[in-house]
Every structure is written in C-alpha cells, then in structure tokens.
Amino acid sequence: MIYITRRETFCAAHRMCREEWSDEKNLEIFGKCSNPAWHGHNYVLSVTVRGEIQEELGFFINLTILKKIIHERIIEKIDHRNINTEVDFMKGKIATTENLAIAIWNELKPAISEHGASLHCVRISETENNTIEFYG
Amino acid sequence: MIYITRRETFCAAHRMCREEWSDEKNLEIFGKCSNPAWHGHNYVLSVTVRGEIQEELGFFINLTILKKIIHERIIEKIDHRNINTEVDFMKGKIATTENLAIAIWNELKPAISEHGASLHCVRISETENNTIEFYG
Amino acid sequence: MIYITRRETFCAAHRMCREEWSDEKNLEIFGKCSNPAWHGHNYVLSVTVRGEIQEELGFFINLTILKKIIHERIIEKIDHRNINTEVDFMKGKIATTENLAIAIWNELKPAISEHGASLHCVRISETENNTIEFYG
Amino acid sequence: MIYITRRETFCAAHRMCREEWSDEKNLEIFGKCSNPAWHGHNYVLSVTVRGEIQEELGFFINLTILKKIIHERIIEKIDHRNINTEVDFMKGKIATTENLAIAIWNELKPAISEHGASLHCVRISETENNTIEFYG
Amino acid sequence: MIYITRRETFCAAHRMCREEWSDEKNLEIFGKCSNPAWHGHNYVLSVTVRGEIQEELGFFINLTILKKIIHERIIEKIDHRNINTEVDFMKGKIATTENLAIAIWNELKPAISEHGASLHCVRISETENNTIEFYG
Amino acid sequence: MIYITRRETFCAAHRMCREEWSDEKNLEIFGKCSNPAWHGHNYVLSVTVRGEIQEELGFFINLTILKKIIHERIIEKIDHRNINTEVDFMKGKIATTENLAIAIWNELKPAISEHGASLHCVRISETENNTIEFYG
C-alpha cells in the first residue's frame, strides 16, 4: 500500500455565518470571519490517495489523472469564486473549512474509486497556521 | 545604513474592476479576478525601512514600534475585510495589488519618518507566485 | 471525525544535558546541543485536535478557543524563555524536543477535553529538518 | 511511543520508462517524465522512526546516528546521480517516486532496527506538489 | 515605477562541464555537478519587470501576458528537458545557473519590451540554498 | 555583473542588552528579547556576492569556495553557541541582528575579495517575520 498526495491551490472569498442568524449573532459566534462584506484566502488543498503499485508501471494512479480529477471537480468550480454563493457542492452549508473538506471528499471519492485507488485524506490549509484534515 | 524588513499577513476579499465598466468589459480586461461575487487572498506584506544604527542601542528602530505602525495603519483596517468596499485608503482606486502597494506606502511613510527611519520598500505577495514591490 | 491543526511558533534557549553529568559526559552523549552556554531555536508547534462537527456551527471547536488554550498554557510560558531553567512544565526533565512534546501534550490535554474535543497530536519542529510527534 | 522525522534533500536525474518499451510507448504511458534525455528534481526525503523514550536520555535514537544512516545508505548513493543508471538499490526498477520510496524503506529498515528504533514512514516529495509516502 | 515578480518552476537535468575537457578535469573544476550521467533540479525562476502604472487599469502589464511570455519562451522549452542537450538558448554554453540566468534574460527582454514594460531581474534558485540574480 | 546568494542556517542563543544597564532598564528598552536567562533562534543567513562571469567556467566564484568561507568564518563560530558570550566577532557589541549583520559583513569581506568577488549583501532572518540586510 502506497500513498500519493497532490497539492493544489485556489483563491476564494467566503464568510462564516448561518444565514438565518443576524450579523450580530454571527459575529458573536464566528468572529471577524463572519464579516458580511466577505474576506478570502489562498487555500492549499492536499489530496491523498492510496493503492497497490502495479508492478508493470511502478505506480497505481497516473498523476495526470489525479490532477485532472481535482481540477475538474474542485478547482474549476471554486478558484476565484465565492464559496458561499457560487460553489454548487457548498450550497446550503456553512462555509467553514471543516465543511469544505467534507464536501471536497464527497466530490472526489467516486471519481478516484473509478481509477482503482482509494481516497485517503483531504487536507485544507486556510492559512499557514490553520489546517483541516478529513479521512472519511 | 541598514535595512529591516517586517513581514505581516492579512486575509481579504477583492475584485479587480472599474465600477463604470460592465461585468463583461471587466472580465475582458481583468479576467477571472473581476468576478463580481468576489474572491480573496492571504496577502503577505513585507515592509522594509532603513536607517543608521544608534550605537547605544544596536538598532535604529524598535521592532515593536514598526509592528505597531503596520498594525494600526494597515492590518487592522484590511484584515478580514473587503478591499474594494471597506478599506478607507483604497476608496476610489482599482483594487489591484499594484495600487494596494502604493496606498500602503502612503499610509506608512509619515509614521515611519516620525521615528527617524525611512520607508524603503513595500512588497506584497498576493500568492506565492505573484509579488509587487514599490520603492516610492 | 475531523482534525484541526493550529500552528504556533516560539523562540527559546535550551541545552541538552543531565545536570548530574559532567560537561564532558554531556558533550559525549548529546554533542554540540549540550553547550553549557546555551543555544536556541525558533520552534514550530503544531497541535492537532479531533472531534465531530456540530452541524449548527460547521465546526467542533472554535479556533479562537484553541489558540487561547495554546497561548495561555504553552506560548506565554516558553516564548523568549530558557526551557531548562524557566519553564515550569519542563522542570526536572532533560530539555529534548521529545520530552517537550510529551510535556506540552500533558499541559494541553485537559483543557482541550473541557471543550469537547480530543487532543490528537503534538508536533514540534526544532529546525526545518528535525520534527518530533507525540500521539499520547 | 514517540516519532522523530529527519528531513534530507538530494538532487538527481531520472526518467520514467520501461526499458523494453519504445520511446513512443513510454511517452504515452509516462508523459513528459519519460523524456529519454532525462530531467531531474530536488527531492525532499523525510524519514520517520518511532520508539520509546529512554528516560535517562530523553530520546530513543540519537539524531546524529539517524542522519548518518540516511547519509551512508541513501544520500551518498543518490545525490547528484542518475537514479536509473547509477543507484544500486534502484537497479531493474522503474524510476518512479513510488518505487524509490519502497527501495529507500528497504535500505533503511535493517540499519534503523539495529539501533532499537522502528522505521515508520518514508516520505519523498518530488516537487512541492507531489509527495509519496510508504509505511511498509 | 512599480515592480512585479512572477515565480515559475521547472524541472530539468543538467551537468556542469566543458565538453572539450576530460571527465577528470571537469570533476576537478565543477565537482559532483559535472557527473557525466547527469543530475537535475526543481529550478525556481522569478522574473521581475518594472513599469509605470496605467491609471485606467491599476497595473502596467497584465499578469496573464507576463505568464504567457515566460511559458512560451522559457518553460515550454526547458521543463522536463536536458539543459545541456535540448534547450536551444543554452546551446554551446556551460550549463551553469549563471549562464542560464543570462540566457533567460536575453530570451525574455524583447518580448517584455514589446508590452511596454522593462525587464528588471531574472532570479533562479537551483536549490533553496543557491540563487543567481542577473540585472542585465 | 551577476549575483550569487548562498543560504546557510545556524542555531544560537542570545539576549539583547547593554551590560552596564540593569535588567529593568534592558527590559524597558529591549523588551522580552532582553531576558537574562537567554532565548534563541534558528537564524537564516544569506550571503550575496557579485562578479563578472569567467567565460571559460560559466561562473565567477566556485560555490564550494563560497560555502567554505562562510562555514569557516561564521557558521563554525556561531552555530550552537551563545552570541553574547562565545562569538569572538561579537565581543563587546549588543547582540542585535543589526550588529550581527555588520559583524558578519566585516568577517566575510576580505576572504571574498581574495577570490575575485565582491561582497554585496549580508541578510539575516531572525524569524520568518524579521529580516535585516546590510550592504556595506
């Protein structure tokens, strides 16, 4: 069993809030991250998949395929976008990095399985100091 | 003459656009960075000041003072904010990193001069791949 | 189950030694890290906690609380300090990064549990090349 | 149980190919990484070992010994070398990072066991975006 | 006057040698970097251009154009290539990073001038520890 | 004219103080950096030298020589040492990074000149956020 991790980046706007709460309530719970005029980040997304090496090839998933899956399913939908209002797989969810990691997991899992690999971990760094990991 | 650089970070939303242009025109000129629903970045701001060492102290500006100036004049106004709509020193300007560097220069220069140092460079990295420098 | 990691830094002096050994013996066992006149590092501390997302909030522990716990219990006691002589939770222990990781684990665990989360990992990088992890 | 990770770097040339395949077939399967005229990387190798702290010492393996093992068994044989043609432990294997991680694991495991520690993970980053991990 | 820097990366093989010298002579002068079986690097290329902001746009060169110039003239010719044998603009030159910086300068200068900007600096990091800069 | 920068690191203890001042006075002027029990850093030292390429060689100073100069004159004297009490070229000086940059400049300049190159800049990062540069 071997693990391969692909690192990608995207830039996006978001705010943390429950839409049914007032701005004051959101500010109390989520702090400055709830700013109604938005803020944003350079998110770093690391996707780890695992599998058994095919001896003929020396790998188990072609990195080009892994990149293509991540780009088509995630990056093209979220890069230079507003996570709260423009990203289909985040509709109706609070735009925390925790929820984002789970949503990206759900987007990637079937496509990666189709190529004979298993999704192992979705890791997102919102800043160099804050990182979320989800293992399913 | 010696140079000291302080690195700070802030997270903000922005879009590149001229407000009097249509979204289509802005898209044509500024590309995906003109998304009307905003996007954002973890900006890295590096401020370089220069001066002559005071022999009694072994430095020419106390780092605590330099940090305080940058925080009070820049970080508190821009961190977790929307650069286009919420930052006073960017009002009426296109929210490019180029304009941001010049505006930050103008905000910092008088306060740094008051402490016997000269502002030398404002450098802003929008992403790890794109960096702007302004030397006045 | 989701994991969140907070990265903090602190600067401290230390030396690796057993106080009852001679400087020569300490030098033989611990090498240049046993220098009696001290040396120091910019330590990078990463604290990982895990928990179940509260659906109403989209997270399981408020990052502000996590930061506050790490600052009050660790950073304020160790930053710009001498690990061997000034840090209460290291008293009587050899000031290796291994022992430091375990001591920080013990300091953090109860406070994190009080907030409904579980401490998962304490990771300390002494330099960019040397990293210790402790999982309890 | 505690984990220590040592990070080392090496620069090497390689190409991904099966020697019995034509250049066209290799290009089809391995893409530009199969360039017959070679290309290369600054590889980052992180070796994680685990063990129980010896209370007398505050560690379980001397970092100097760990570095020496990695240098003698890996770095001296691969740094500034051609992985396909000059590295004994890669002879007859496709020069993927996946195979390299497994081969390095096999080279390091006995030497680390001799010093009372267990090899836990071999991680290799080929670029800042592509990382392989092997846990045995 | 404002400066913009674009960072790009490429992976390539090279060796430092004068072809008319023996391997022994090359080894004596260039050390392990002269290995006849090649080695390689993840090169980091930073291109700095300067110009006067066009007030209507808030910038002086569109980053998309700058990226396109660097990719068409440099990255497509050198990425996953052998610098000594496959890169037209390095033909007949010793494949040092110093010569590479000058050659890249010469490739980029006319194209950047055509877009109303001036090339200011070509910086290449061969490893995180070794960096070359050329200012024309 | 071309510039080459070599990056090295060292770990050291220091405190900022004037010895003839009381601890209280030092605390007032230098803050927590004046802690009498010391603290320390992983310093990053970048040395930039400039010269004219020798066409026969494709460089103007052999990197091996540059490394040797920096190691013999600086790293061996300061790594894992106390800057205030153990480093000859800092004797009698306040152990600020500013003074350290000037002292390192003076140590390196003659040796670099002997090899037909000119010292251009000594840059020291005390932390990732604080950097000093001296150009002579």
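Residue numbering begins at 1 within each chain, and the chains themselves are lettered A, B, C, D, E and F in the order written.
Simple rule for what comes next: a residue touches a chain if its C-beta (ideal position, glycine included) is under 8 Å from a C-beta of that chain, and two chains touch if they have at least 3 such contacts.
Small disclaimer: the values here were computed from a predicted structure and weren't measured.
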Shared chain contacts [subunit A and subunit E, defined touch]: B, D
B-E, A-B or C-F - pair sharing over half of the A-D contact pairs: B-E
Computed distance of Cα centres, subunit D from subunit C, in Å: 29
Centroid distance [mean C-alpha coordinates] between subunit F and subunit A, Å: 42
Multi-partner residues of subunit D (each touching 2 or more other chains): 128
All touching chain pairs, where touch follows the definition stated at the start: A-B, A-C, A-D, B-E, B-F, C-D, C-F, D-E, E-F
Footprint of subunit F on subunit C - complex, ascending: 9, 11-14, 32-33, 35, 37-42, 79-82, 85-86, 127-128
Residues of subunit D that touch subunit C when the two form their complex: 1-8, 48, 53, 56-60, 63-64
Subunit F-touching residues of subunit E, taken from the complex the two chains share: 16, 18, 29, 31, 93-96, 98-99, 101-102, 128-135
